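Here you go, one structure.
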Amino acid sequence: MHSVVNTKTRIQQWAARLLIGMLAVLTAVPLYLAFVNAFKSTADITKSPLSIPIPPTFDNITKVLNSPNVHLGTMYFNSICIAFFGTAICLAVSALAGYYLSRVKNKISKSLYVYFLFGLMVPYVIVYVPLVTMFKGSGFLGTLPGLILVFVSGSISFSVFMFEGYVRTIPVELEEAAILDGAGQFEIFAKVVLPLIKPCTTTVAIFIGLSMWNDFLTPLLIGQKVTITVGIYTAIGPYASDWGSVFAYVLFATVPIVVIYLLAQEQFISGLTVGAVKG
Amino acid sequence: MKKRRICTILGAAVMIAAMSSTMVHAESEPVTISWAVFETDNYTADYYQHIIDTFEADNPNIKIEKVLMTGDSRPQFLKTMLSAGNMPDVNIDPVDLADIEGVYAEVPEELLSKYEDGYIVTNNGSKNLIPAYTALRSQVYYNKQQFEEAGITEVPKTWDEFTAACDKLTEAGFTPLMGVGAADSWATSFGYWSGVVNAEVEAAYPEFNKQVLAGEVSWTDSVIEETLVKWQDLINAGYYHKGSMSFSHPQASAEFLSGSAAMFMDGAWACATIDSDEAYKDKFGVFVMPTPSGASSYCTMPGYWAVSETCENKEAAFTFCEYVLGGNKDLYSYYLQADGVYSVTKEPVTYEMGTLQTEFLENYDNMEVVPEITKLVGDYKLPSGFEDYTWKSLQNVFTGADVKTELEAWDAEFARMLEG
Amino acid sequence: MKKKSILFVVPAILIYTVLLIMPIIGAFFLSLTDWNGISQQFHFVGLKNYASMLTDTRLFGAIGNTVKITLCVGIAVNVGGLAVAFLLNKRGKLTNVVRSVFFLPYVLSTVAISFVWMSILSYTGILNTVLEWVGLSGLVSDFIGNAKNSIRSICVVEIWRTIGFYMVIYLAYLQTVPEELYEACMIDGGNSRQQFRYITLPMIVPGITICTIMSIMTEMRQYDIVKVITNGGPGYSTETITYNIVTQAFGNNMLGYSSAIAVFLFVFIAGISVLQLKASNKIGG
């Protein structure tokens, strides 16, 4: 009897493994294609899309690098600025706000919490037209800092919501001890609270950092800053039939994030899991 | 004493003012002009770079910054920029926005005087467009070898001969027609609309735009409907390439040139593409698309540039326009040749045409020139955005929508746009 | 405890109010006008824009597509994400690698991967080439050139892109279930289905709520993939609500009208979120 159950579960386990393995391979195929085909000529891509390029050609890469439409420096600079400063500013203001909302329990804080939550339900597309209209002529939106703040405004709801939830799970005793030591409120926040909410900070940072790095519509409609996504969209434009260069563009757009991801994948996944549950 | 103090203060003020003005001057030099362009097989990145380099070499005080227009609709791109307050200084292809008040700046008379009078237009009382070129529209490009193998000895001259040729090609195992879809909605109907529908409509109503704007003719007119139904017949007969709707325009033309289909109703620009490539030379011919009723006429499209009202250095912007569009003859000829278009300056500028372009031009001998309905500028211009609307609708027609229902929607949209 | 300084929330309130809340109020305001976005003047037209929506067949199409995509992707990523998370919950040699593979598409830019998928799905693209090779030429078809197929293709790309994300969230919730509960269930003679029904499911209800809301919100604003792969075409057949709003607003000079559509979308999403929260409170509570 026992052995029958064992064989049955064992078969089930193997079937499950096989299934997941196949799914993983299927998931990886488009990524594999994107990578290997960046090193083939367009003719070879059409003929044998799945093959490994031996020897690899770097024509596509040099074509992209030499194209007068590609300002990789500017594109990376804008994207990095937006993703880095946008995330940093958003984390700072949201952590402060989330901490306040979770520690202070009065009418004002309750209504503020609802006020912030409201933003979670906003389909961001509603904002573009009025935003552009409001700041038209001021030149504010055309600047990088302006665009960064726009990104921050779009992520505040989510971040405040996450921080508020996370701070609630942290015992308040440590802060009380610090007060007895004579520390000021902001000092307590910086020295006591910040280290404790680090897991949540990681989660939020990954989530909003990725969304800022990859966002397409916002830099396209607001500010017209050429980020890496807008840049490759523009550059590929009329050359979409030249798949070799398309894959090379895709490579340039994705390599930085893939490298970061591969170096820190444990933090990515475990970071997301820890913060997600408690938040 | 008092006087002296005042003098000192005044003197200091003057000095500061002078210093700051020279500083401002030093900073604002060279001025930068943004130039919105689009790239194709003909208008390449290198091509624009050559124009910019040539201009900047002669005008060291002006720097040109290229802005690439993206998406399938250039007017839509420009309107997005306009709404966001980021309108590029110099626009090519500005016609769709030209009748919106306050978008483009009035062109100096002196500059306009260099162009043929027929090309100068007034929008809402303002001469805000600079004539840039005039272009021929579309014909049918065909693959000579496939025609030969299918036993077609002469290019079709009537509608029946055309469908017969399509049948012959199918029998011989070729796909008769290449089509375009995907993100390039303009290109789905372009060849058939400018080549066939326009000729039929202009034959029936020589003043169509005037009449349709006055409400005397509607888009549901039987001429338009029947001609579009004929188009659908070609599609339903399976003449078009099965992948048509998934090809962008560059993809479709690459497919056509590599032999995936025998014919392609495409713009005059393809002559320039084919003529300039050794691999394609002499392999392709071109003929005027026959119409169902036998109506025959062709249309030309005037091309314009414009300087936006928001441009801070209009003088520099007009200098740039003037320089490229005739000021420097060599450059103007270079500008025209790339896309196979023709000069509109009082002093004509020419260039050596390739074989296919010559053939294209000769096909129009003894034919009447008529305006292109959707591209007409000036008093009888269709409302801004209407052409974009028709493209999408004609894609629906291509994928099988009922022609009559679609055209009824045109009437409604047209009325709405005229009202707004 | 000493009173906390309101300064903690001021920066967040400022940025949030000026750049998000004020524009939303602006959108409500614009939706009552006929402004075209370019001219200096506009008129108040009351609820006329909202009335026009009732006869706008193009908008109906966009709503239909958005609902189709939302339902298809929402169900697939939640069921699939949970299933994959369940299978990858036990620690094994390769689990980390496999998890990373599933999550990787999510970190890449949607625009970039849309181009990759375009090269796969195009008529002369990789998928059709491979189908020809393996002798399945009967399955060769135009995956992005007609409305029916292209909506499906968009769903496939979106499922592929986001399933890893939901997998990670579900993994997080699965890991909150204490081992002892499973053991207790085993001792009581429960089978794996019962285990799932009576132990796992109640514990991950909050996860299901979050994932469902997130997938609905993400898909309701689907834009990038449609923009790159089909541009809403052929015709309007693959337009989504967001795509419709953006083109109407900036392309067709109908800022007033498009704002009305945006407001409608906002109310719709807010409504769904509230309903969803209420429903999950009932199940969870």
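As written, the chains take the letters A, B and C, and residue 1 is the first residue of each chain.
In this text, contacts are C-beta pairs under 8 Å (C-beta built on N, C-alpha and C of every residue); 3 or more make two chains touch, one makes a residue touch a chain.
Keep in mind it's a predicted model, so treat the numbers as computed, not measured.
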With contacts counted as C-beta pairs, which pair of chains has the highest total? A-C
What is the chain whose Cα centre is as far as it gets from that of chain C? B
If you average the CA atoms of chain B and of chain C, how far apart do the two points sit, in angstrom? 37
Could you state the distance in Å from the CA-based centre of chain A to that of chain B? 39
Could you tell me the distance, in whole angstrom, between the mean C-alpha positions of chain A and chain C? 15
Indicate the residues of chain B shared as contacts by at least two other chains. 80, 83, 183, 251
Of all residues in chain A, the ones touching two or more other chains: 129, 133, 221, 233, 240
Could you tell me which residues belong to chain C and also touch two or more other chains? 37, 124, 228, 249-250, 255
For the complex, give me every residue of chain C touching chain A. 1-6, 8-9, 11-13, 15-16, 18-27, 29-30, 37, 84, 87-88, 96, 98-113, 115-120, 124, 126, 129-130, 160, 163-164, 168-169, 171-173, 175-176, 207, 210, 217, 220-221, 223-224, 227-228, 241-242, 245-246, 249-250, 255, 258-259, 262-263, 265-266, 269-270, 273
List the residues on chain C that touch chain B in their complex, please. 34, 36-40, 57, 121-125, 142-147, 228-237, 247, 249-255
What does chain B use to touch chain C in their complex? 71-73, 75-76, 79-80, 82-83, 100-103, 181-185, 188, 242-247, 251, 255, 260, 384-385, 388-389, 392-393, 395-396, 398-399, 401, 409, 420
Please output the residues of chain A touching chain C within their complex, sorted ascending. 16-17, 19-21, 23-24, 27-28, 30-31, 33-34, 37, 45-46, 49-50, 92-94, 96-97, 99-101, 103-104, 108, 112, 116, 118-131, 133-134, 149-150, 152-154, 156-157, 160, 172, 175-176, 179, 185-186, 189, 210, 213-214, 216-217, 221, 228-229, 232-233, 236, 240, 243, 246-247, 249-250, 253-254, 257-258, 261-262, 265-266, 268-269, 272-274, 276-277
Contact residues on chain A for chain B in the complex? 67-69, 129, 132-133, 135-137, 139, 141-142, 221-224, 233-235, 237-242
